[in-house]
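The two complexes that follow have chain A in common; it is paired with chain B in the first and with chain C in the second.
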Partner chain A sequence: MSGPAFLAWRYLLHHRIKTAILVISIALIVFLPIGLRVLVDQSARELTARADLTPLVVGARGSALELVLASLYFEPEPPEPISQREFERVRRTGLVEAVPLHLGFETRGRPIVGTTLDYFALRGLRVATGRAMAVLGECVVGARAAREFGVAPGDTLVSSPQTVFQLAGVYPLKMKVVGVLAPNHSADDGAVFVDVKTAWVIGGLGHGHRDLAEPGADADVAAREGSRITAKASVVEYNEITPENLASFHFHGDVGDLPLSAVLAFPPDERARALLLGRYQAPDEAVQVVRSTAVMDELLETVLTVESYAVAAIGVVGAATLATAALVFLLSIRLRRREIETLHKIGASRPRVAAVLLSEVVAVAVLGVGLAGLLTLGVSRFGEAAIRRFLLS
Partner chain B sequence: MRWLPVALLALAVACSPAPEPEASAPDPDDAGPLVVYVVNEPLRAMAERIGGDAVEVHFPAPADVDPSQWSPSADTVARYQNADLVLRSGAGYDAWIDRATLRERALVDTSAGYADRLIHVEDPTHRHGPRGEHSHGATAFTTWLDPTLAALQARAVAEALSTARPDASAEFELRAAGLEAELEALDRRLSAMAERIADEPILYSHPLYDYLGRRYGLDGRSLHWEPDAIPPGPQWRALEALLREHPARLILWEADPLPETTRRLTELGIESVVFAPCSNRCAADWLAAMQANAARLEAARSPGRPIR
Partner chain C sequence: MAAATRLRDVVFRYPGGDFELRIPELRVDRGEQVAVIGPSGSGKTTLLHLVAGIALPEAGVVETADVDLSRSGDAARRSFRARRLGLVFQEFELLEYLSVLDNILLPYRMNPVLRLDAAARERAQVLAAGVGLRDKLARTPARLSHGERQRAALCRALVTEPELLLADEPTGNLDPANKERALDALFAYCERAGATLLTVTHDYELLPRFGRVIDFKTLGEGSA
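This part shows the complex of A and B:
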């Protein structure tokens, strides 16, 4: 190491706190715009990956973004309902694999997703412990939700209305946990899955009670007129589905009228996708079919616009920081006047002293840029995993 | 500056890559015989007859249980979940499926092709809670007692198997055609028998014969008599009252009634004939059992035999 470089290095080590602050400031100024871009790109890839896996979403007319976000990430506010008949309609086309989704209820702050077993197959979800739900009242818990709740197969969870406005008519149903999913690093990890019919029971659209036609049910019957039976308000409706009362659970009216939040459609190829989209283009069509990737791309365009504002702001802050750093160096030179005079007296030439000071600036800049490079490397290497683990799960 | 490597290491550990999502389980469609689960004996017989060696048919209901009243355990439902195909009888017969979670892709309602020919029956309505008056609805479900509907059901089975195994569709089609021909022959035989019965009033031990009665124009009234129990006094009195307006001389039973019941019915001039729906295990092959039903009815109303 040359003399000026050695002196500069020893100076920096001696004033390590000041040096560290300068290095970190420069590193952050360099890293923030680059790291932000890398993270945004990675987040965009992760977001579009789930949308890619869910090519089409069928739902009520309205905000396509709300429909897609609710269907992919189980947002707390479900979209306007469509009927089960719409699910049958999509299925009957024979063009796609269709999966119903019922959203809107939760347990301990986590969403309850009513769906079918096909959802697990099409999402690549695997039951790690226990088994899939088999009968009404059973649920399978996502890996993260199970960890948070501390539940395992054999435990129970109680549903709760998702908003205070749903207090009437929504059943608190005691659900039996029969399985826990393997981690998928997606929104599925934080959800509790039930059969869509169980979701209808939670919503009060199906229920179980003793057979009112039985002679022994007189205590619960207010009146019998021919084939018409009026029950007393005190008739007990079950809030837990057990093997003993399972057979008494039933749904009223036409099951085709019961509500769904959305239908996920998985076309095997572009042709099937185009054909299905074409079938929902009539102006008086009550439901819409949206391409989730197109909707997510629109969302990401907005995110990128916001990012450009953020980068501009970081640029301004960066310029101010660099000016401050320059000021620190200039003030440092003034404070070190006696030290510089001493160097001159012991024979150091002006260029040599300048070389020492310049070496300090270069060393700090190189360390700062190097640290920024390491941080960027870390983000590009581990960012996707971190996004999946901390943001998307 | 010694903290810098430590901090970078900590960052690396915190962000250690998560395992990749698990791949979905391989679809078993192309491995071994097609695993088919059914909900009653007629469908088991049809699937085995049409599918041959290409299918493996399972009907796990206990032999002593009426499959229409069966509620399988969660473990049994889990077996149905693993099936390539689950053949429903439809018409409300397999109500347990509405309370179970099965793969929608595997479910096939074999009655869908004749939904407009189903018979809806009256069911008590009731009112409780805020949901107002409602009925649980009911549909007569022993559709296969009408051989023309059974043939349509067989056609639905063949189509479901062909969709699941297109490579074997030719052999499925061939066997289905054979079964349909036999069902047509059964239909002709029962039609000839019905001409002999003509307008004669008859009785059914249970409301199981709606489709048989409609197909062949039988003037039947249903009781709720169990073949393995002697009806109590009020039921006999109700029968005597019914006979005054519906003078039946023939009653169809789903199984052999107790000798004492047969004797008392004979005293009233009513002949007992077993016409088994055979919804659970039959003593013989299902189609043979249907032929045996026709034979018993023919014997009871043979041309040379006077109606008592």
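This part shows the complex of A and C:
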């Protein structure tokens, strides 16, 4: 190592706290805009990737963004409901593969998604252990949710009560875990899947209780008029669906009126997509069909605008930080005047002394940029996993 | 005997200041040990700077070790200082961030005309051992006593084996025991190497140890 480089290195090591602060400051100035750019790019890729896999979303008129986010990422607040009849309407067009979604219920903080087995097929989800849900009351748990809950096929999960103090509200349903999905690094990993009818049961729209036509059920019967039986409020509803009581579960009214949060539509080609979109263009249409990618692109435009503001702010802060670093350096030169004079007196040339100071600046800059490079590498290496883990699940 | 340094009709002024130093004639022979005394502000340190080529006279001639420093360029004077002079300062002027060993070897690191080889390292260690710093070579100056710091500074001045030693109040900050020790080291080196010693001092007790004393009051017409 040359003399100036040696002295510079020893100086920086001796003043390691000052050096560390300068290095970290420079690293942050360099890293923040680059890291932000990398993160935004990765987020954009992740967001558009899931949107690409879900070309169309059918739901109630209103915010297209909320509809898409809720349908793709199972947000806790479901969109305004549409009826099961709308699902049938989409399906009957014959243009697309349609999958119903019922959202809004949770178990231990994770969303319960009411759907059909088609969802698994169209999303490419694979059951890693156990099997897919087959009858009412069964559930299949996403990989991360299963790990968090510590559940496996054979265990049970209880849906969270939605209205604890409302006697006529939603009561918890004990669900039987029949399968655990293989991880697919998406929001599906954190969800619990049930049949859409099970979701309706959780919502109190379907229920099971003892057969009031049975002899000995008189205590729960308020009135009998021919085949019509009116139950007393004392009749006990089942909070778990078992092979023994499965047959007693039923839905009152027209199933077509029961609610769904959205319908995912998978057209086989552009033509089918365009035709379906065209069928929902009427001004008085109560339902909207949105292109997930278009909605996500709009969201990303907003994100990019915010990013450009953030980068501008970082630029201003960075300039101020660099100015401060330069000031610190100049002040340190003043404080080291005697040292510099001593070096001159013992025969060191001005360029040689300048080389010491320059080496210090270069070393701090190289360390700062190196640290920024490592941080950027870390973001590019682990950013996508973190986005999937913390933002999109 | 040849002159270690010789000043003739020297006039020196600091730029923008009203200090003026005039030295009609001053000669120090090779191998002499000379003390320079005089009141504060009389120009004793300036004299050392002129002899070392750190300062240039406005007029007159400064010849040190047969080199006319008053007519030499900056690079030549620096190279000359690095190779042939040893400088000792009152405040030691050790670099706080270097170990004792690296401080001693500093002239080699900062002067490309000097070669930092095994012999130089060996010399630094022998010098340090000679002044009782053998076990403290890895320490930084902050962890040394005053006396130890000055001894380290002496080693730095001697490590290049200079033919002329210029010391500016080298014992000014030392207790009596360390004063003697520092001077012993300087005189021992000069005796062994046949080097010349020119020392500025305020300590009149030490004057009997020098072969000659130059009193600035009688030397010339220094005025502040």
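Going forward, the second predicted complex is superposed on the first by the 381 of 393 C-alpha atoms of A that agree within 3 Å, B and C clash if a C-alpha of one lies under 4 Å from a C-alpha of the other, contacts with A are read in each partner's own complex, and residues count from 1 in each chain.
Assume contacts are C-beta pairs under 8 Å (C-beta built on N, C-alpha and C of every residue); 3 or more make two chains touch, one makes a residue touch a chain.
It should be emphasised that the depicted structure is a prediction, and the values quoted were computed from it without experimental measurement.
Enquirer: Quick check on the chain A-based superposition: chain B and chain C, clash or fit?
Expert: fit
Enquirer: Check whether A:Glu77 is in contact with chain B, with chain C, with both or with neither, and answer first, second, both or neither.
Expert: Touch partners of A:Glu77: none, neither chain B nor chain C.
Enquirer: By residue count, is chain A touched more by chain B or by chain C?
Expert: Touched residues of chain A are more numerous for B.
Enquirer: Please work out whether A:Leu343 is in contact with chain B alone, chain C alone, both, or neither, and reply first, second, both or neither.
Expert: A:Leu343 contacts chain C only, not chain B.
Enquirer: Have a look at where A:Arg352 lands relative to chain B and chain C in the superposition and call it first, second, both or neither.
Expert: In the superposed model, A:Arg352 contacts chain C only, not chain B.
Enquirer: Take the Cα centre of chain A as the vertex and report the angle out to the centres of chain B and chain C, nearest 10 degrees.
Expert: With chain A as the vertex, the angle is 160 degrees.
Enquirer: Could you look at A:Glu298 and tell me whether it touches chain B, chain C, both or neither (first, second, both, neither)?
Expert: neither
Enquirer: Answer with first, second, both or neither: which of chain B and chain C does A:Arg10 touch in the superposed model?
Expert: Touch partner of A:Arg10: chain C, not chain B.
Enquirer: Please give the nearest C-alpha separation between chain B and chain C in the three-chain superposition, to the whole Å.
Expert: 16
Enquirer: Identify the residues of chain A that lie in both the chain B contact region and the chain C contact region.
Expert: Shared contact residues on chain A: 13.
Enquirer: Would you tell me which residues of chain A are touching chain C in their complex?
Expert: Listed in rising order, the residues are 3-4, 6-7, 10-11, 13-15, 338-339, 342-349, 352-353.
Enquirer: Any idea which chain C residues touch chain A in the complex?
Expert: Listed in rising order, the residues of chain C that touch chain A are 52, 54, 74-75, 78-83, 85, 87, 89, 91, 93, 95-98, 102, 106-113, 116, 140, 156.
Enquirer: Could you list, by residue number, the parts of chain B that touch chain A in their complex?
Expert: Going by the criterion above, the answer is residues 1, 4, 8, 11-12, 14-19, 21-25, 71, 73-75, 77-78, 81, 96, 98-105, 122-131, 133-134, 136.
Enquirer: For chain A, which residues are in contact with chain B within the complex?
Expert: For chain A paired with chain B, touching residues are 13, 16, 19-20, 91, 97-99, 116-118, 121-126, 131-136, 138, 169, 178, 182-186, 195, 197, 204, 207, 209, 212-213, 220, 227-233, 235, 237, 243, 246-247, 249-253, 255, 367, 371, 374-375, 378, 381-386, 388-389.
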